[in-house]
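This is the structure I want to talk about, given as C-alpha cells.
First chain written, first letter: the chains are A, B, C and D, and each begins at residue 1.
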Amino acid sequence: MINVLVWNENRHEQRDEKVKSVYPDGIHRAIADFLKEEDHKVKTATLDEPQHGLSDAVLQETDVLVWWGHLAHGEVEDATVEKVKQRVLDGMGLIVLHSGHFSKIFKALMGTSCDLKWREADEKERIWIVDPGHPIAEGLGEYIELEKEEMYGEHFDIPAPDELVMVSWFEGGEVFRSGCTYRRGKGKIFYFRPGHETYPTYYHKDVQQVIKNAVNWAKPADLPVPVYGNAKPLERIRVSQEGVEN
Amino acid sequence: MINVLVWNENRHEQRDEKVKSVYPDGIHRAIADFLKEEDHKVKTATLDEPQHGLSDAVLQETDVLVWWGHLAHGEVEDATVEKVKQRVLDGMGLIVLHSGHFSKIFKALMGTSCDLKWREADEKERIWIVDPGHPIAEGLGEYIELEKEEMYGEHFDIPAPDELVMVSWFEGGEVFRSGCTYRRGKGKIFYFRPGHETYPTYYHKDVQQVIKNAVNWAKPADLPVPVYGNAKPLERIRVSQEGVEN
Amino acid sequence: MINVLVWNENRHEQRDEKVKSVYPDGIHRAIADFLKEEDHKVKTATLDEPQHGLSDAVLQETDVLVWWGHLAHGEVEDATVEKVKQRVLDGMGLIVLHSGHFSKIFKALMGTSCDLKWREADEKERIWIVDPGHPIAEGLGEYIELEKEEMYGEHFDIPAPDELVMVSWFEGGEVFRSGCTYRRGKGKIFYFRPGHETYPTYYHKDVQQVIKNAVNWAKPADLPVPVYGNAKPLERIRVSQEGVEN
Amino acid sequence: MINVLVWNENRHEQRDEKVKSVYPDGIHRAIADFLKEEDHKVKTATLDEPQHGLSDAVLQETDVLVWWGHLAHGEVEDATVEKVKQRVLDGMGLIVLHSGHFSKIFKALMGTSCDLKWREADEKERIWIVDPGHPIAEGLGEYIELEKEEMYGEHFDIPAPDELVMVSWFEGGEVFRSGCTYRRGKGKIFYFRPGHETYPTYYHKDVQQVIKNAVNWAKPADLPVPVYGNAKPLERIRVSQEGVEN
C-alpha cells in the first residue's frame, strides 16, 4: 500500500468548457480514481489550496507524488518547490506528466530548460515501448495508440534519461522520448508525456497501466541513510611527510 | 585554439598564508599558466571583480569555463549563475574542480545536493582510471597518486554520471567518484575532485594533463541549433474524428 | 515466490580442504540456505551434473539464476551457455558472483574481456554503497566491511554498468566497481564481486542481504512480448516517386 | 589523419542489377570515396578476399573499421570476428551500418540478439537528432530526411546505448533508435541505421557527414594501458587475524 498524492494545477478545469467536459472533477480526480483500484491510499491537492496542498505534514507522508501543471508553473511558490525537491532527494517518488515538463520542480531536478516542440492538431500518437524489460512496461503490448493527442517533438532539452522506456511517433512527422526515468538522490522520477487536457487520455487503459506501474516502481523503500560532512578515518592514516601522524 | 576562462573565488589566497605560499598568484593563475602551454587563449576572473568577471560579453566568447570555489559560493549572484547555466545549455564547456561541487552553478545543473564526506588529514589519494578509453584519460597511466589531499568520500549526492572516468582511493578508507562527465543541453561538464587549496595539486603533471584533456573534450563545436515551440507539421495529418482536417 | 537456481562449479569443494571446511555442503548450498529464508523455491545445480543441471526444463522454470564459477569456466558447454543467454534475453534474471566475471555466460552478455587485477592476501575490503536509492541497497548501511577477501582491482574490463551500486576499497590500495547492474533483452543482470572460496563471505549478513535484494530485483514480470521480422505498416504509406503505392 | 578500413560484404553488388546500378563499384567504394575527402588514409576490404581482407597486419594498422554486411554474416570466420573484437577492445573504432546489426562482430560486442522489425516499402525516414551536443551531430540540422529507405522498427534488441544520438520516424508508423554509441574496452562503437542497398543513401550529404563525424569521434588516442592479473599491493597490508603480514 503506497501513499500517493496527485497534484494538479486545476486551472483549465475552471475556465475551459472543453476540459470540464472531459474531466468534470478535475484531472487529479480522474487519476486518483484509477490509482485507488490498486489499493493505494490516494490523496489529491491543487495549486489554489493553501500551500498548494503541499504542507510539510502532507509531503512527509507522501510516498509518490504525481504532478500535472500547465498554465501557472510560475505561481508555485519557490519555497514549496524546494521542499518537494528535498523530499525527492530523500526518497519520495515523483511522476511528472505532460506539460509538467515545464514545472519548476521538474526543471530544478533536471538542470536543463526542458524545452520542446509542440502542436495542437488532433493528431495520432503511437507510444512505442523501447525497453520491454522495464517494470514500467508491465502488462503492456508493443505500443500504446492514442487517437488524438497534442504533439511534443524533439529536440527535448532534458539530460539523457537514466532509462529510456518509451519513444513516441506522431502523425505530423516528429518523434519524442516520451517515457524517461531519472534518479536524483534516493528518489525516482518518471516523466510520461501524454495528457493534453482536452483529450480523454487519462481514461485510456494503457495510460492508466503505465501510471500504476510507475507509482509502484517509484515508491521508496528501507534504504541506507547517507552520512555527509566531516568524517573520522576508518583506517589508520600514516605519517605524512612533515612527520605528523593523524 | 580554445577560449578558456579560469574562474576562481580567490578568497583563500587573500587570507591564508599557507594558501598564498602554494599559489602566490592565485589558483586561477596556476591553472591558466599550464593551459597556456596548449596554445589556448586563456583569461581569468575572480569573485570580487565586477559581475564576478562574468559579463555577457566575456561569457559569449568563452568556449570552456573552469571553476574553483569554496568559501563563498553564496556570494555568486543568482543572475550570474543563471547566465552561466544558459551558456552551458547553449554549448559552453564547464569544468568544475574540487570544492566547486557545492557551487551554485554545479548544483543547478545537477539537481541534487552534491553533498559528500570530507576530511583534512594530509592523506594519500590514488585516482584510478576506470575508463581508459576516455579522451580525458589521454596520456595518463593506470592511476594518479597524490601524496597529500583532502579526502572526499561517498556517498556523493550527484546524479549517476553520464560517464565515470575516475574513482579515488583514500588512505583513511573511503572511495569517491572523482572524474565524472555530464551533458546538459549542448554543453559538456566535467567534475574533477582534487585541488585542496593548501596542497600543490595543480602543479602535478598528471592533474594538469587531466584538465588539459578536459578542456579539449569540453570545447563546443559547430552543432545543430534546436528549434523549440509551436511547430508546423512536416507530414499531412489525416482527417480527425470530428471531420476536421489539419 | 521466486524460482531460484543456484549454480556452482563445485570443484574447489572437492579438492581443497580449506574450502571444504568453510563450505562443507558447497557454496551452492550455503547460498540456497539463506535464500530459502525468503520463501523462494530454491534449487541448486553444479558443473558435473548431466547438462550441468541446466536442462531446457530446468531453465524454463527458473526465474533467477545465481552463478559461481572459477576453475573450470571452459568446461561449461557452449550449447548450454547459448541457452542460458537466450533465457536471460527472454527475461530470466542472472546474478553473477565473484570469479564468475570470467564465466562464458557473463563474457557473452558483456562483449568485453571482463579482465581485472587480483591478489590473494587476506586483505580488508570495504564495499561502499554509491547508489543508496537502489533496491539492491535495501536494508544496508553506508558500507559493508569484509575482514578478509581476495582483492579485485580496476581496470575491470566491463561495459559501463547501466547502474553502479557499489564500489570497493581494498587495503592494498585498489578500488573496484563491485556492484553493477546490466539489462540485456528483457533480462536483468547483477554482478557482485565478493566471494573468494576460502573465506566465509556468504555467511556475512550484509552479503546475504545484497543477494536476497538482487534476486528480488532481477525477477521477471508480465512484460511485453516484442515482435520481430517483416512487419506490415500501421499507417498508409504514400505514393513513392516511381508512382507505386504500398 | 586516420587509417580507415571500409569493409563490405559485396555480395549484393555481384548479383543484383538494382544494387549494381546504385553502387557500381560497391558500397565500400562509395563510402571510401567520401571519407577520402577528409584526408584520411582509406582502404577497403570485402568478404570474399583472403581472410576477408582482415589479416593481422591490416587490423593492426586500422584506426577505424566501417562495416556493412547483410546476406552472409555467417560466412565471416569466427576467428576473424574474434580478432576484430580484440582490436576494438584495444582501441580500434568500429562503425556498424544498417544490416550490420546482425553481423557476428556487432552481436558479439552487444551480447543481445540485435533483432528488430523491418519492411521494404520505399517509405520516408526522418532521422531526428536527439542529442544536438554530440560530436557526431556536427554540421547537421535538426533532422535528416531520406526520401526512401527500408524501415527498421522497435523493439531493437540492443543494450541501452551509452549515448543515443538519433531516433528515426518512419512513414509506416514505427520509430527506431538509429544512431547509438557504445564503449567496449578502449574502443568506441557507433551503430548507424540507414543504408539499404537499393537506395542511394550513401550519396546523401548528411549521411556522409554523420559517417565522417563518426570516424573522427571513434579514432583511437594515446590512452592508458590497463594492467591485468596478479598485482602486488601498492600499500602495506596489515597483519591478518592469523598473524601473517603480507
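Structural remarks
Quick note on the criterion: contacts are C-beta pairs under 8 Å (C-beta built on N, C-alpha and C of every residue); 3 or more make two chains touch, one makes a residue touch a chain.
Note that the structure is predicted; figures quoted are calculated from it, not measured.
Between B-C and the choices A-D, A-B or A-C, the pair with more than half the same contact pairs by residue number is A-D. When each chain is reduced to the average of its Cα atoms, D sits farthest from subunit A.
Mean C-alpha positions place subunit C and subunit D at a centre distance of 28 Å. Separating the centre of subunit A from that of subunit D, both taken as means of CA atoms, is a distance of 35 Å. In terms of their C-alpha centroids, the spacing between subunit B and subunit D amounts to 31 Å. Of all residues in subunit B, those that touch two or more other chains are 126, 129, 131-132, 142, 153, 155, 160, 162-163, 171, 173-174, 183, 185, 224, 226-227, 234-235.
Remark: subunit C residues 85, 89, 108-113, 115-119, 121-124, 147-148, 151, 153, 155, 157, 159-160, 162, 171-174, 182-185, 224, 226-235, 237-238, 240-242, 244, 246 touch subunit D in the complex.
Only residues 91, 126, 129, 131-135, 137-142, 162-163, 171, 183, 185-188, 221-227, 234-235 of subunit B touch subunit D when the two sit together in their complex.
By the touch rule above, subunit B contacts subunit C in their complex via residues 126, 128-132, 142, 153-156, 160, 163-164, 167-170, 173-175, 177.
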